[in-house]
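Accompanying notes for the structure given below.
In order of appearance the chains are A, B and C, and numbering begins at 1 in each one.
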Amino acid sequence: MLHLVNRSPYVSTSLDSCVKFAKKGSPILLIEDAVYGAMAGTALEKKMESIMKDFTVYALKEDLLARGVTNVIAGIKEVDYTGFVELIEEHKPTTWT
Amino acid sequence: MKFGVMVQEGPYQHESSDSAYQFVKAAMEKGHEIVGVFFYHDGVINSTKLTDPQQDDRNIVKRWSEIGEKGVDLVVCIAAAKRRGINDDVLAPGFRISGLGQLTEMAINADRFVTFGAS
Amino acid sequence: MSDISKIMIMMRKAPYGTIYSFEGLESVLIMGAYEQDITIIFVDDGVYSIKKGMDTSAAGIKDFSPTFRVLEMYDIEKLYVDKESMEARGLTADDLIVGAEVVDTETITKLMEEQDVVLPF
């Protein structure tokens, strides 16, 4: 199952809940304000890296660009909307808001 | 594949309407069928033709109407709409107001159901 | 694919502060009529939706929690509560207005993976 997360990890527990309930090995796609969690050199970088040990983390390119997040943590995969659609083709989704 | 989509937030206030639109557009470009877009909670506000954004901004409602013109069923939840002052008088082209049964039917008929929301 | 879809309603939001929980419940009631395989999970603040002792009269808001008690009449019997979410909020099964099964996180993960559709509210 693909897990969509759309809220900033600085204000919301959405990502924490996603990680808690998602099956290990599942893909997680960060969209909207959740993409701030993909930025390198932040207080959350270590946490993201630990999440990446159990999950494949993606971030939506259009939302990264919109927010000026260019320094993405190594290992987080950037996908555009076409890539988003391809992830949905492969997995049933749910959303953590 | 058949995709169903739910939008849970109002336009402009929250990015979910934009995300859902971009997703639907990309899915259609890849040849997928959109069985419907269901507007729920404040998402029903996506359907009012009274929307009049500034010239240099995107017109979210018009964008949905264009998707509707391509044959996508844009369903506005009646219970949520009535609570928020949305009725047939203000409905933009391409939208229709219907019951929650439509959400269930989309969930049943779609191979993938994607929710965009909430705050 | 079978004729019956497995649909999960994931209640994650607290009642009253926002409408997601209430309108999510409204959608569940309609789904019951479609004879699908419906599961409801209460996780995170969603647990507060089924807490005993709500009195919304002074706040001037409609109390919709009694509706959770009649879900059984709509043939919706698969209700699960995340034990960790419940205990973190200082609640026990006795504090809940419905007889939902209290389960661990792993069980919820497994249930989610079995679904055709998971709708978050």
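Here, a residue touches a chain if its C-beta (ideal position, glycine included) is under 8 Å from a C-beta of that chain, and two chains touch if they have at least 3 such contacts.
Worth saying up front: this structure is predicted, and the values here are computed from it rather than measured.
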Arrangement of touching chains [line / ring / star / complete / other]: complete
More contacts between chains, A-C or B-C: B-C
Interchain centroid distance [CA atoms averaged], chain A/chain C, Å: 26
Two or more partner chains touched - positions in chain A: 92-95, 97
Of all residues in chain C, the ones touching two or more other chains: 116-117, 120
Multi-chain contact residues (two or more partners), chain B: 8, 113, 115, 117-119
Residues of chain A defined as touching chain B within the complex: 4, 6-7, 31-33, 62-63, 80-82, 84-86, 88-89, 92-95, 97
Chain A-touching residues of chain B, taken from the complex the two chains share: 1, 3, 8, 15-16, 19, 22-23, 25-27, 29-30, 32, 112-119
Touching residues (chain side chain A, partner chain C) in the complex: 1, 13, 17, 20-23, 92-97
Contact set on chain C toward chain A in their complex: 10, 12, 43-44, 82, 84, 105, 108-109, 112-113, 115-118, 120
Residues of chain C that touch chain B when the two form their complex: 5, 7, 13, 18-20, 23, 26-27, 30-31, 33-34, 36, 116-117, 119-120
